[in-house]
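Chain IDs A, B, C, D, E and F follow the sequence of writing; residue 1 opens each chain.
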Amino acid sequence: MSTREAKIAQSETRIFKAVFPNTTNHYDTLFGGTAMQLMDEVAFITATRFSRQRMVTVSSDRIDFTKPIPAATIVELVGKVTYLGNTSLKVRVDIFVEQMYSDEREKAVSGEFTFVALDENKKPVRILE
Amino acid sequence: MSTREAKIAQSETRIFKAVFPNTTNHYDTLFGGTAMQLMDEVAFITATRFSRQRMVTVSSDRIDFTKPIPAATIVELVGKVTYLGNTSLKVRVDIFVEQMYSDEREKAVSGEFTFVALDENKKPVRILE
Amino acid sequence: MSTREAKIAQSETRIFKAVFPNTTNHYDTLFGGTAMQLMDEVAFITATRFSRQRMVTVSSDRIDFTKPIPAATIVELVGKVTYLGNTSLKVRVDIFVEQMYSDEREKAVSGEFTFVALDENKKPVRILE
Amino acid sequence: MSTREAKIAQSETRIFKAVFPNTTNHYDTLFGGTAMQLMDEVAFITATRFSRQRMVTVSSDRIDFTKPIPAATIVELVGKVTYLGNTSLKVRVDIFVEQMYSDEREKAVSGEFTFVALDENKKPVRILE
Amino acid sequence: MSTREAKIAQSETRIFKAVFPNTTNHYDTLFGGTAMQLMDEVAFITATRFSRQRMVTVSSDRIDFTKPIPAATIVELVGKVTYLGNTSLKVRVDIFVEQMYSDEREKAVSGEFTFVALDENKKPVRILE
Amino acid sequence: MSTREAKIAQSETRIFKAVFPNTTNHYDTLFGGTAMQLMDEVAFITATRFSRQRMVTVSSDRIDFTKPIPAATIVELVGKVTYLGNTSLKVRVDIFVEQMYSDEREKAVSGEFTFVALDENKKPVRILE
């Protein structure tokens, strides 16, 4: 495994969350905006743990909400670096939904976020490998 | 003005928000995920107020975070219907940043969200005009 | 339209919000305190956008909760400057409730907030026009 | 002490809270709306504990924010029934600010809330003594 | 009453809270973690109000969740200093559950927290009496 | 690897979180109560994912806050089943702190939570393997 592959594996970041009433809408499913907030958080942590530099979100690519996420389930968000440029990188985030009382698990949402590394003067800076 | 244009104008939806410490990261700017959560909320309200039907987010297109949003500013989110299909519609959301103590105001973020109208059995249904 | 009228019109501030389970009490209506928090936020933004000075809340006048605000509705808060003194101003805030699936809309709550402009030493200072 | 006085004493309700960054604005003081939300919560609990009936807020009287509440202090909210009518009652709420590292304590905010008792059909009903 | 007993009595700290949907899990009871967060907050305020020094949590002893806390009840947390060492003290926290519409009240949770007093260099320092 | 070991490995649950201003106290460290809330959440998800039964927290053992968790760090919570009885199990939760801009990582907090499996009538029930 190359250094880059090792760094990608080691910076993979996971967040589990129980879908309780304080995160759901009146259709009793996880509010789309709450999903996006969690996705950006896991993407930011993944990017920072990969580069150990100051990273800011510059864009999110198309996000598909393939399946609704019902209340009283468990979600796992997984963030992984998928592209590395000079001053930017991309993180893919998948959300999996697990039933609480069975082993059923499926992918519900996925999207990709682009981050840029900034120096102390907030200018783009090379991402170190 | 056609009926559709009137409905689009009337469903335009605005949210102002003061950027206080409970919504910022350690760079003292609005957390990207918080911006996305607000964008989805304003988009959802715009879509619902246009159609008066049960709408769910199916995707967000590319969102560009053109400028950081510093703490101690005011943001205005504006949602507007930009496309109307048979069972789906698109809402564009812009975020403007206003300085508190000057009239300076500029666009900081924009993105587009796609919603589908569902009937009581959660099947896609025609959006009524 | 005078300068003052123009400034009042331009500082009018709107916040839409979907009433979801994280803002309701066990009667399934918007908690009064949550309504008050949103009213103060919209009043503060209105006062700041009118004066572009440092404004603090000094009092709220009587607030009438005319109608309960049920879950699964949409509310719009509207803030507007209604009085301008030397160092203080008043902002009226109305909350309208909209049904999600019909065009029904009515006023549910209204109140008035008084703000004072402060200088850097936290002393009252004339509001500039 | 009469039964009523005993019930008033016994329903007195207190909430202490540490003023941390998640409740303050960019002036580093407790946001007015957060104070109002806490005041309505303590008033609601006081009214419910007095009557043991279903109570809803119908109005708040003038609330004076006499002194700002700085970050890194402790506040105590005290709610007490001050008037008892046929179907309504009033609760006075005072907020005291305590310094963390001295015994200094002073009243910062006070206001009065009116509640009505409702029966199962949401009609006003006599408050039992 | 000795000075210490007077200080213990005077630093007793109470927080009432209504158990609304934003604090409950899908079993419609108060989430254990929310109870622990409130317990730590009341313990921290009690410790600070006793010593008027900079206090940090170093451990929590065994916490027993004797009874579930259902939605639509009222809880009261009571914090009281139970042990005073040279640089540390212990605070006991009890949570009582009250029914809203009857006088029924019982203890549901209790636990003990240990705090250490720190000086400006974050070194343990004697707690003053 | 036995079935039980496989289930323990597969139910291991991780939550990463960035320590931002909305979770810190006035010492600029993660509030102890917020740490406990996250620990209970990761423990609950671990217990549920192990048993796929209805689990409730009955107690937490002593929790040691060995090191403060400063703002602008990243924490990882890891939950793992450590004991399996007839109707109860224990989950150990460790919190690791990672610096954002270096590979430094150390354990800051650890504790153990006990859960009981309940049937539909809320009676303890055997945990299935």
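By our rule, a contact is a pair of C-beta atoms (placed from the backbone, for glycine too) under 8 Å apart; a residue touches a chain by one contact, two chains touch by 3 or more.
For reference, the UniProt names are A, B, C, D, E, F = Acyl-CoA thioesterase.
These numbers come from a predicted model, not from an experiment.
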Repeat of the E-F interface, chosen from B-D, C-D or B-C (over half of contact pairs identical by residue number): C-D
If we define chain centres by averaging CA atoms, which chain lands farthest from subunit C (Acyl-CoA thioesterase)? Would you check? F
Would you kindly state whether over half or under half of the residue numbers at the subunit B (Acyl-CoA thioesterase)/subunit D (Acyl-CoA thioesterase) interface are used by both copies, giving same or different? different
Using Cα averages as centroids, what's the distance between subunit D (Acyl-CoA thioesterase) and subunit F (Acyl-CoA thioesterase) in whole Å? 36
Between subunit A (Acyl-CoA thioesterase) and subunit B (Acyl-CoA thioesterase), what is the gap in Å from one C-alpha centre to the other? 21
Residue ranges of subunit E (Acyl-CoA thioesterase) touching at least 2 other chains are 18, 21-22, 31, 41, 44, 54
Could you pull out which subunit F (Acyl-CoA thioesterase) residues touch subunit B (Acyl-CoA thioesterase) in their complex? 18, 20-22, 71-72
Of subunit F (Acyl-CoA thioesterase), residues touching subunit D (Acyl-CoA thioesterase) in the complex: 21-26, 31
State the interface residues of subunit D (Acyl-CoA thioesterase) toward subunit E (Acyl-CoA thioesterase) in the complex, per the touch definition above. 13-18, 41-42, 44-45, 48-49, 52-54, 74, 98, 100-103
Contact set on subunit E (Acyl-CoA thioesterase) toward subunit F (Acyl-CoA thioesterase) in their complex: 27, 29, 31-34, 36-41, 44, 54, 56-65, 68, 111
